[in-house]
Each structure stands twice: as structure tokens, then as C-alpha cells.
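Residue numbering begins at 1 within each chain, and the chains themselves are lettered A, B and C in the order written.
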Amino acid sequence: MKLGVINVSDRASAGFYEDLPGKAAVALLEEWVTTPFETAYAVIPDEQSQIEAQLRQFADVENCALILTTGGTGPAVRDVTPEATETVCQKMLPGFGELMRATSLKYVPTAILSRQTAGIRRNALIVNLPGKPKAIRECLEAVFPAIPYCIDLIEGPFIEVDSSKIKIFRPSSP
Amino acid sequence: MKLGVINVSDRASAGFYEDLPGKAAVALLEEWVTTPFETAYAVIPDEQSQIEAQLRQFADVENCALILTTGGTGPAVRDVTPEATETVCQKMLPGFGELMRATSLKYVPTAILSRQTAGIRRNALIVNLPGKPKAIRECLEAVFPAIPYCIDLIEGPFIEVDSSKIKIFRPSSP
Amino acid sequence: MKLGVINVSDRASAGFYEDLPGKAAVALLEEWVTTPFETAYAVIPDEQSQIEAQLRQFADVENCALILTTGGTGPAVRDVTPEATETVCQKMLPGFGELMRATSLKYVPTAILSRQTAGIRRNALIVNLPGKPKAIRECLEAVFPAIPYCIDLIEGPFIEVDSSKIKIFRPSSP
């Protein structure tokens, strides 16, 4: 099984910032997921065509079951991660963005500025996360309980977790 | 007045499953709505063109004021009910999907996987419901209070209900 | 600094109704915003091309940092403010509509019928509000705390408010 993490950031990809958001996302997967997995990892600038190419590469060539992006979801002109995600996905899952924004709203009123979303490309689930490690954890904790079952439904690998760290949910009858 | 129910399910339309979701939706309408109505009813497979044709038939030919679909709203490749709904609607009503997912989230974390939505085609309101009878009731109870007034606004029939069974709401001044 | 308010209403623009929604929106800006500003103001009918032209005029020619619309967000055939908004915006911000509907739901179940949204055109934030003064206040109070920071992110003017009237939020590190 392969899981992908793409840190989308002009400044991190140019080496001005350390790649903390991407590392935070990988650390959460390593903390929670007990099924053995490899990580596909990239740090790229906020260029829509480059984000799309990286998502296609991780979904179609690397066969990642799950691809997490960090950053690039705000209203600024360089924030284009949701547009790239929507372009490469066959199906969008609006409930992810709704729940992540509702969760972040408990902490900051500016949560409504996030355009983060999720969608399906072939057998990969793509989920946009924010750019700050604290918000990455808050958002991924909120939606992760539904992720393994989502990946079952799109015929990806069966993902198991350490239930002392995070609870996931699979309906008993399909 | 005519109300439509379309059960979208490969297995029910092939006769492998009993048509419980469609029957559950009809039973709720019969329990709540006191205005006399006929039911237009169909069980069809998860084929986007067939769902679109059925929605058009119920809206344009049968003149249904309300069309409920059940099933086909998840992330799997055969789940295409929201796509069909969006194709035939002139206006989408995102608040229905948001409230139904928020309601289902009280019961199951996988509620965010539902892509169910609602929209307007001519004088018909189309609402996607989940595929399980228990979830159908939870979702329809959440949004039904707004449905009769919505149908007033799109110039459909005036719908009255048994207020001991469900409360509806019409703002006093339009 | 210039802020725009567009009251979209067939009846107000024809002079049958007093322009209360537009005036209510202006009154809230005057109550809250302490940075000196001029108001660009218009009352126009529910015609999509006219709404689009007015939004472009206020964003591109008048250089409004924020444009509030009132009315035209429901399911009726003449309600086209969200369509006009989506047409002229480069980026949509779904979190605004989600939060405004969730807020209105505390008062009326018919809140889910509102299709109000928000988006970015160049350096202007456009936010759709409902048509009733009471609902305008409820919705704008809910989303306004995020508006000054949003306008920072799209490189508009720095907006300050009377914090005894409304609290706004700017994250400490960008």
C-alpha cells in the first residue's frame, strides 16, 4: 500500500521554509495507520498544472490509495489546490470540506476562507488539508474516521488503524 | 398532486434485493402528507442516462411536485445519482445536502461520504436520499420542514401535512 | 476605501417596495467599520446579466473591496443572484454559504432553501445576503469576523472595526 502526501507551497518548494506541513501529515499517517505502507512524497509550488500533474502521478503511476495535500486552499490568487483537485477528480465529496471547515470554525472564524475539498480519482481518495500543522491535525482527525471505508468503496486496499490513537468506522452491512 | 419516488439500485432493479428504500420513502410521504396525492414510482439501475430520463419523465410528463431518489450517492464508481440530478436541474440547492450530511453525522462518521444533493427542475423539487431505510427517515425528517414552502416558491401545489407527525414551516410574509 | 451594496429585487427596483434590505446592509457596515469608506450603491431587478454588470462595475471600475448583495438567493425562477455571482468570480468560497445557512437554520427551517454564496473577483470579495433585514444581520454577523482578513489576503485595504460592536479575527502569523 502506498499513501501520498503533497505539500503545496511556493516558499517551501523554493527552500525558504522548512516543509513542516507535509511532515505533519506524514507523521499523522504513521501514528494512526497500522497496515504497512510506503509514502510517496512531494513538495511543489502553487502552480495549478504542477499540482494536477503530481496528483495524477501519485494516483495513476504510484497507485496511492490516499493522497493528502497541504496548503493552497485560501482565497489568495496563488491558492489553487482545490482547483487542481477538482480538475483531476472524477467525483467530488463535498462533505469533507464541510466537516473540515465546521471543525476549524471551533478554533478560528477565518475557517470559512478555506476552500479545501476532497474527491476521487480512479482508486485514489484525494483530500485537501490546510497549511498549518495544528490545523492539519484538527482537520484530518475530523475526516479520517470515514477514510478507510471510503477507500474500501473505491476498491483500494483495506486500511487498519491503531484504535487507541484514532477511531475509524465501517458500516456493518454494505 | 403527484409525488415521485425513484429507487436507484442495480441490485433492486435486477430483482436481487427487495425494494425497501423506495418503499420507505413512499411510506414517509403517506405518513406525513395530508393533501391527497398519487405516487409515481420507479426502480432503476445505477445508470446515469436512465436516472436522468426517469427524473425528466417524472418532472415534465408526470408533473411531480417533488421527486425523491434513494441510493447511488456514495463514492463508488456506480454511484451517479447526484451527477444525474445536477444534469437535469436548472438550480441546485446545496443547503439540502449540507443539512442531510450534518444530520447523518450524528449517527455515523461515514456520512461525509454521501454526495446527496437537491435541485429544481421546472416546477419540481428533486431530493437525493441515502439507500438505507433508517438513514432515509433521518435525512428526510431533517429537510422536509422546508419542502412545502420550497414547492410554493417554484409554483407547485400547496402541500399540507399532519402536524402531529411532522412540523413544516412557511414564513408569514413572502 | 469603497464598499459596495447591491439590492437585487424586481419590486424594489420598480419602486413598489422601499429599499430596506440594501439600507440594512449599509447600516451594518456603518455601525461596524471604523476605517473611513464611501459606499457604492445600486438597486437593480433580478436579471442575471444586469447583476453581473453591476458586480463587474463595482469590482473593476469602482474598486470596491467588498460587495454585499441582498436578495435573489432562493429557489424561485427569478432568483439568480448566486448564478450571477458565480459567473463573475474567479474563486468561490463555499464556507460563507455553509455558515450563513447553518446560522439561519437556528431561526427557520427554510434556511436550506437559500443558495447564497461568496467569491472573489480580482481584489473584491462578493458576499450574497438574504433579502430580509433581520436575516441580513444574522448572516452578516456570522461571516463578518473573517471578512477583513479575507480582504487582506486578496490585497485589498486594511479594514478596522469597532470591536465593541463586532469582533473580527486576523491570524497572528500569515
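Just so it is clear, contacts are C-beta pairs under 8 Å (C-beta built on N, C-alpha and C of every residue); 3 or more make two chains touch, one makes a residue touch a chain.
As the structure is a prediction and not an experimental result, all values here were calculated from the model.
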| item | value |
| --- | --- |
| Angle (degrees, nearest 5) of the CA superposition of subunit A onto subunit C | 120 |
| Equivalent interface positions on subunit A and subunit B, same or different at half | different |
| Separation of subunit A from subunit B, taking each centre as the mean of its C-alpha atoms, in whole Å | 31 |
| For subunit A, residues that touch 2 or more chains besides their own | 94, 98, 102 |
| Interfacial residue positions of subunit B with respect to subunit A in the complex | 74-77, 79, 94, 97-98, 101-102, 105, 108-115 |
| Subunit C contact footprint on subunit B (complex, rising order) | 91-96, 98-99, 102, 120, 125, 143, 145-146, 149-150, 153-154, 168-171 |
